[in-house]
């Protein structure tokens, strides 16, 4: 078979100076602030940072290890669920109604897994097959007996407002860590199955796991409220309402000559941005250390010359699994952060386009293999994604002025404007792969 | 004028030259065998003759015409046939389909030729509806040669056709190759099993480090003390 | 005896016939994917949205024909639009090949780059379809909906359960069988088809034999585009058209292709039916069937549904995981991983 060419690592051009590019990015945000609104600019900045973190995660998988993860959406959703599980207060009635049932179900699952493992270890041939089947069938029946009634009971407890177990009621910031852990766990499972196979297979397998995770989140109301959504999640920063009604704050606003509501919004957003910045800077620091460590060098060697690396005795599968897990964990943290800033968990908002594939564009455009490139890619592409919707509406409006008031085309244009975004993103991805495969800030 | 005349070839894959001034020629009905130690450039020489590698110096002419720069497919159309060392059949296709693919370049689809190939390789005829990948090593080699013969080439190039086969199968293959030579086809063969190959060779080329070291008839080379000591004495694995 | 017949009718109505129909649709889709994998050697993530595009063109043409007052007796007039929809889709995929994939082929990049590029193409097709036809449900099947109605069947046979056979189901099966037969004949018996199999089997040797790579590539896209259009239209006639569904079909189609052995057309067909039967079979509530078949006194109280309908796609994924764990080359030993 013909040798693949790596898309990584060459000397960058003069304009590919990180300072210049980040400067341009900052200018774009400032322009938004001046031209449209500061609230908008800050909102965009918040999500830019979250996107940057997701891109960092995907970069560890793609840039360091050459793994194509088509299921980022699932890991982000797990992170969001973790935020809920950590921060939402527990619902005592639900626990008493179904808590034991759920615990028993968990025990049954453990029993099934243990049974299968023992059967596979201790027996061979037909006995092993029969034993495994017996364990699975018995386990399934048992599970059905305890699980169904338990979940029904939980979901019956005040379905309008809760109808689920709730969470642990701890600080939501712990949820961010839990998001990383849950995502890492899921990544371990899927990685064990699919890593070591051809890259297309990993892509398909991760596509699948994301769908499964989403299906579970949307259907297991007893755990996540499903599509009823979880609102009113606690915050690590003050609420605008509290600030707006605080006399000291109102005075402060007056002394600066701004509206207290405006200042409150800005303050809250800046607080979130500050928090996110801490996480982002920490992650970039760690990622950079990892990249330049022996581990990082080995990863890139394996990526560029897998056969040579394998011949030298490097355990390629294990290294790939490590990268896959770390990258997914980072995406999980980002997912928790996203739910925190939204204040709610909306399973329906997890679309493959918005999460998996948009982040892919961010990595490719920003510069796969380069952490600063990933951050830039996250910022820039998110900015384009948000503003292209505005732009689309503007274009649709402009075009409509030419058309008649009641024209069907005019109505259609307005609807269609939203869908120009994916076309634009697809075009950007293809153009980037073709003309700038190493990205804006390429790997050094 | 020989059918094939490759003179003073110099070239290699990267910056370094593997061939250093190599001259090979082969005429109709002649069995020419290239032998030599590993890394001598035997496979490189025939790859250059077939157009799979560019030469820095030297000239390859075929039927009086210069071939330099012509891609392999064009050389097949001009009358060369090539049997690669590995991956030389379509494993997922039947033997008969393999032969049909060999005749792909022909306008007539190889209707008459396939009978001749079956006559030449009766074992292949028996397995004609089996997948080539299921055959034994020796049978697969026969299919590979048969495939190359479907264009009725005037020159047949073989890259280590007996690599990894048992001695009986090797004898069988060499017999077939001699049969083909009798029909007037020029045979150019690289071989690791030097002794057995030289036994059937009209001309033997011993290459060392990309250059012709000894060139003589097969029998003469076998009789030569120096050649025997250096290349044929020890075990040829 | 009557009970067995009733149970059988129930199973046919709710499991057998839907599974065969869905299996045929998946098989056609998976065939396109497997052919692209065999020749172009990458997993084409844009295939689902290619199906959406083809169906979209068919719908527009159908509306045009309906506006002109055309009809096709009991059959949906959309069938007439198929050839033109196929032409449009083939033009689209050949266009994307020339503009996107050809460059990467010449550069001999890693297959994963092709997959990423196909993601970009998917984005664009997805957006374009939504721009042109919107995101709502569209039902474009006309003509008679049923070949046999449940009530007619009950009247005819005197059984309690009625078998309903929808036109769309029969069309799917007939068209799919014809297309698959045609495709297999093409691959096994024609010179071009054999050259494609040769190219997939051993590319270097194929080139040596004088097989022209760009011609093989073009024929592959033509066939894949046609298969995608047909699969998409059949699915849309059967289950209604919504752009988003075709992306969701990617997982079962990929699972079918891999289960059968990716790169092997027969594998795609077998895989399609295995996935379809599993999905339908595992999510059906067997209560009434058990009611008929079980002993008189026993009245099943649960639904006896092995898996909730929402987890339909989990079935494909589960089968995919099992294949990857147990035998990654699939049933018919596709390309080596």
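As written, the chains take the letters A, B and C, and residue 1 is the first residue of each chain.
Basically, a contact is a pair of C-beta atoms (placed from the backbone, for glycine too) under 8 Å apart; a residue touches a chain by one contact, two chains touch by 3 or more.
The structure displayed is predicted, hence computed values, not measured ones.
**Student:** Common contacts of subunit A and subunit B?
**Tutor:** C
**Student:** Measuring from the mean of all protein Cα atoms shown, which chain centre lies nearest?
**Tutor:** C
**Student:** Name the chain pair with more contacting C-beta pairs, choosing from B-C and A-C.
**Tutor:** More C-beta contacts join the chains of A-C.
**Student:** Per the centroid of Cα atoms for each chain, what is the distance between subunit A and subunit B, given in Å?
**Tutor:** 58
**Student:** What whole-Å value do you get for the distance between subunit B and subunit C if each is reduced to the mean of its CA atoms?
**Tutor:** Averaging C-alpha atoms per chain gives centres 47 Å apart.
**Student:** At what distance in angstrom does the C-alpha mean of subunit C lie from that of subunit A?
**Tutor:** That pair's centroid distance is 31 Å.
**Student:** State the interface residues of subunit C toward subunit B in the complex, per the touch definition above.
**Tutor:** Result: residues 191, 194-195, 197-198, 200-202, 204-211 of subunit C touch subunit B.
**Student:** Going by the contact rule at the top, pick out the subunit A residues touching subunit C in the complex.
**Tutor:** Going through subunit A, the ones touching subunit C are 1-7, 66, 68, 70, 193-194, 197-201, 203-205, 207-209, 211-212, 215, 218-219, 352-353, 357, 360-361, 364, 412, 415-416, 419-430, 433-434, 437.
**Student:** Going by the contact rule set out above, which residues of subunit B touch subunit C in the complex?
**Tutor:** Per the stated touch rule, the residues are 72-73, 76-77, 82, 84, 87-93, 97, 100-102, 104-105, 109, 147.
**Student:** Please give the residue numbers of subunit C that touch subunit A in the complex, ascending.
**Tutor:** For subunit C paired with subunit A, touching residues are 37, 42-43, 45, 100, 103-104, 107-113, 115-117, 119-128, 130-132, 134-135, 203, 247-248, 250-251, 254-255, 258, 308, 310-311, 313-314, 316-317, 320-321, 324-325, 328, 337.
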